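Two complexes follow with chain A in common, the first pairing it with chain B and the second with chain C.
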Partner chain A sequence: MALKYVEEYRDGTLARDLVKKIHSVSKKKLRLMEVCGTHTTSIFRHGIRSVLPKGITLLSGPGCPVCVTAQKDIDAFVAFARVKNVIVTTFGDLMKVPGSSSSLTKEKACGADVRIVYSVFDAVNIARENKDKEVVFCGVGFETTIPTIAAGILMGIEGKLDNFSIYSANKLTPPALAALMETDGVQIDGFILPGHVSVITGTDAYRGTFEKYDIPSVIAGFEPIDILQAILLLIQQNEAGKPALENAYPRAVSHAGNVKAKQIMNQVFEVCNASWRGIGQIPSSGMELKKEYQRFDAAIKFAMDMPDVPEPKGCACGQILMGLKTPEECVLYKKKCTPMNPVGPCMVSSEGSCAAFYRYS
Partner chain B sequence: MCLAVPSKIIEINDTIAKVDVDGVIRETSIMLMDDIKIGDYVIVHAGFAINKIDEEAALQTLEDMRNILAADARQANGLNDHP
Partner chain C sequence: MTEEKILLDHGSGGKVSHSMFSDIILPLFENPELSKQDDGAVLDVKGTKLAFSTDSYVVDPIFFPGGNIGDLAVNGTINDISMCGANPEFISVGLILEEGLPIKDFKLILETMAAAAKKAGVKIVTGDTKVVPKGKADKIFINTSGIGVIPPNVNVSGSNAKPGDKIIISGTLADHGITVLSTREGLKFDSDIKTDSAPLNKMVQSIIQSNCDVHVLRDPTRGGLGTTLNEIASQSKVSIKIDEQSLPIRGPVQGVCELLGFDPLYIANEGKLIAFVPQKDAQKILEIIQQDEFGKDAVIIGEVIDKDPGKVFLQTNIGGLRIIDMLSGEQLPRIC
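For the complex of A and B:
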């Protein structure tokens, strides 16, 4: 059976025509950033880099949630795993990320109860089935994931689960883009904006950043045709000197986004400052539980306040996330740092740019 | 983390729906959605449907793109759009 809404966007003829058109309009050297880790993976998997004109450089941005998780948050996850009677629940990608002294994988090997879940839903169910234990969920995600975690909290309330809590290392996309634009040395000629974050936020969420920095910005889906179309639009905007905020994923993204999901998210969470790995504090770029939901805050429940720790020496994740370096320019890449023995999260996460470079080059 | 493949809603029970992803049946929460019905295609992220695919927009995007590219091809062949 042909996959609806997938196959059409992988059409070979259309893709070739788009590539031809891209070559015919591209004159300037441009640095375009795909903000989202799922885009990075898709771009590599479909070999999109190799068909673009030489002057077009694609940079992987700060949109892999695991890659931007600060070291001290990873340390907190490890610390929860060491508390007696605690079950740590996490998305699989976080397992191998090294904190300053250990990782969840290592803790599990030493006997800690760490369980990979596909959804916060599963974590809530584990809490329901293990009333004699405390269940902590590692909340790592962007606007796409935060409403699901909020929904998990509401389920916890409904099920009267006082043994369920979350640690929020959640992050917001538009403030990160603004922070990038303010960073010295950062050179970006256009953003390929994340499709599924935009499903929730809507196109309007980027209006502020777009207007302030006049930066070409196109929301894209994840199939090859989607990505090629976004690249074409960004090149056209640049060549014409007319930056615009465009939505090339209208089948999934509207102006206002998913209003209900945003309501649930804002019912449970409120905006706070957040630390991004390698980038540092970005004002108003995180989400923490509102006062009335703080009994679900694992950091408060377990009085867990981890110190800030410097990132491993030599790891260039931060610069890579800002488009200042490519993985190949990191001194540890392929030497001390490999997917089997990752030094930084960009090598651990399947959506990290170091892992993608490693796998596909 | 994102499953970009749209899933078809085949059964709804309160806030839980069964979806068909290329023949594989999964359960997904529809807590974050308003007015979902059987037959709709949704994008599922971490166990939750996060939106409905707009069929009309999906077709329109492809058609617009094909039209633009076809116009280019005609121009390249020395044919004009407006004789």
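For the complex of A and C:
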């Protein structure tokens, strides 16, 4: 049928051939981790786990930006929503994440002005149209999102918007991989590296981690064929005992990445330590506004310094992000914690592994 | 903060709406007609079987490519009645207008409603209009109700699906939801995405008059195909398996879904039906649907199977198998 959307990278026959190949080369038991929420969703949506050999376990690592956001950052978003005259702008996935006492969804139902945006530019426009209000953007993202947030700040300067600010809970991927490798008990035989993030960072960003830990690493795109291809390469590397850093997404990812995006990002932000949910502080894994841009820092502007708070009792998000547990091993899973009544962010975000387990298996 | 409030989720048509219905609404109104939970109520009035249904429309924006809130409201009720196997005949219209709505827009919406009713062969026979101060509603909200007669030998219901039934969809998925969303978000796609809003009464009448067996008819509106299939699976206590490769989705619609991270299985349709029919009649009914003005792209997308009652499975393009759950959480508020 002419109407039907058939993408080259969704081709069923090609995919089935790849699956056959995977079955024929796979001998060892392996634990492979994807570190990208879009990969997680794609793996579940296309039923990739169900076609792999029994010995291959896929783990969903810290790749969903909402899932790795610390409780105190969620509390800060809620606190902004309670400030009079503030419009909080956020990606939809953050809305329902429960903070210590409330969520943005609940604040909205109580009358707070919380608006879902698709990018920071929407937030800038809202600031432009509401000069009598303060607009705070909840900055939650990886290398893919940070350059656009930086561009948003530059737009704010150009538009002379002094009513626009961001709260940066942004994070960097490579330091998280290194932190995982250093964690006791973590057992990973290969990384499926994120496609979008790598478009910005380039392959070279992972070289340090790869060389230090000698861990099979393959950059993958998001279609089923991309992911199956990456899995095949990781299995082959493991079977041959020859770890490599490979780029299985060359149609989008280069060695150096997107130089211009990195320039903008580094113009506005600088590297800082960051708290990752369930994992804790990871050195040099976050990005904060440079001194000259601090007037756009919502935390400074509103003197918002939230206390560190423990994550909800029983929630195993952190261990799940490190591949130490599966969602089904969390005592709250499907009982107290469901997408309607989420306890942790992994159940809220459409890219979270608990939500994906709940929805698709 | 502990006081519970209505959230947008309660209107999603998914899990939260369902639990609101069964926990709050149903216990208070309990009666056999309501308990059936079909698209409309089936009533026995002195030996005549009537289908009666109501629906409110709050779509934002009120104008979008291919239609507006007016024909959406008329077609929506026509379709709800049709899905009971009835031929819709009479419709009521309740209008809630916000002070300041341009008369020009108001007239245009009413003209579209009149045209939609005429096209479908139904009469708008009663109505009501209220105006509220600016800011107390958003431009215009419309409620429509309707009734139609169900022929004596017809018995279609979401609880009639049987193992072995084939499942037909009358055309492409997700057109309406994606149209409204992209209009609302000001996304400029140079493509012909438009709503599929259409009256399905003639298609249903042709199916019924064919004397073929039909077990279930449903229009997968709010909550999309995924949610509707889950409703049927649980009403009929059967399991459903859908083949991803067979799902008809327009390229541009799929493109927007990919871009914004929406799953077309959960996006609203306003001019599509799904029919559960015994295998022996499947081909014939498919052809009847394909001959209808609004059914050219109809295909068989799956079947009812015997194991795991209440569950809906998707056989993916790559040969994998996964669950299709009911929509949980609001994807898109105010889509209809």
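Convention: the second predicted complex is superposed on the first by the 355 of 361 C-alpha atoms of A that agree within 3 Å, B and C clash if a C-alpha of one lies under 4 Å from a C-alpha of the other, contacts with A are read in each partner's own complex, and residues count from 1 in each chain.
Keep this in mind: a contact is a pair of C-beta atoms (placed from the backbone, for glycine too) under 8 Å apart; a residue touches a chain by one contact, two chains touch by 3 or more.
What you are looking at is a predicted structure, and each value in this text was computed from that prediction instead of being measured.
Engineer: After the superposition on A, what does A:Tyr118 contact: first (chain B), second (chain C), both or neither?
Structural biologist: After superposing on A, A:Tyr118 lies in contact with both chain B and chain C.
Engineer: Comparing chain C with chain B, which touches more residues belonging to chain A?
Structural biologist: Per-residue touch count on chain A favours B.
Engineer: Can A:Gly12 be said to touch chain B (first), chain C (second), both, or neither?
Structural biologist: In the superposition, A:Gly12 contacts chain C only.
Engineer: Quick check on the superposed pair: does A:Ala109 touch chain B, chain C, both, or neither? Answer first, second, both or neither.
Structural biologist: second
Engineer: Scan A:Gly221 for contacts with chain B and chain C and give back first, second, both or neither.
Structural biologist: Only chain B; A:Gly221 stays clear of chain C.
Engineer: Of the two partner chains, chain B (first) and chain C (second), which one does A:Ile48 touch, if any: first, second, both, or neither?
Structural biologist: second
Engineer: If we overlay the two complexes on their shared chain A, which of chain B and chain C does A:Arg251 touch? Say first, second, both or neither.
Structural biologist: Touch partner of A:Arg251: chain B, not chain C.
Engineer: Quick one: is A:Thr148 in contact with chain B, with chain C, with both, or with neither? Answer first, second, both or neither.
Structural biologist: Touch status of A:Thr148: first partner only.
Engineer: Touching chain B and also chain C: which chain A residues?
Structural biologist: 1, 3-5, 118
Engineer: For chain A, which residues are in contact with chain B within the complex?
Structural biologist: Contacts found on chain A: 1, 3-6, 8-9, 14, 17-18, 21, 24, 37-38, 42, 65, 91, 93, 118-122, 141, 144-145, 147-148, 151, 154, 195-196, 199-200, 221-223, 225, 229, 248, 250-253, 258-261, 264, 351.
Engineer: Which part of chain A faces chain C closely enough to touch in the complex?
Structural biologist: 1, 3-5, 10-12, 15-16, 19, 41, 44-51, 96, 101-102, 105-106, 109-110, 118, 224, 228, 338-340, 350, 358-361
Engineer: Show me the residue ranges of chain B that touch chain A in the complex, using the header's touch definition.
Structural biologist: 1-2, 4-6, 8, 22-23, 29, 31-34, 41, 43, 45-48, 50-51, 53-55, 57-58, 60-62, 65-66, 68-69, 72-73
Engineer: Along chain C, where are the residues that touch chain A in the complex?
Structural biologist: Going through chain C, the ones touching chain A are 1, 5-9, 15-16, 19, 172, 185, 245, 248-251, 254-255, 260-261, 263, 297, 299, 314-323, 325, 328-329.
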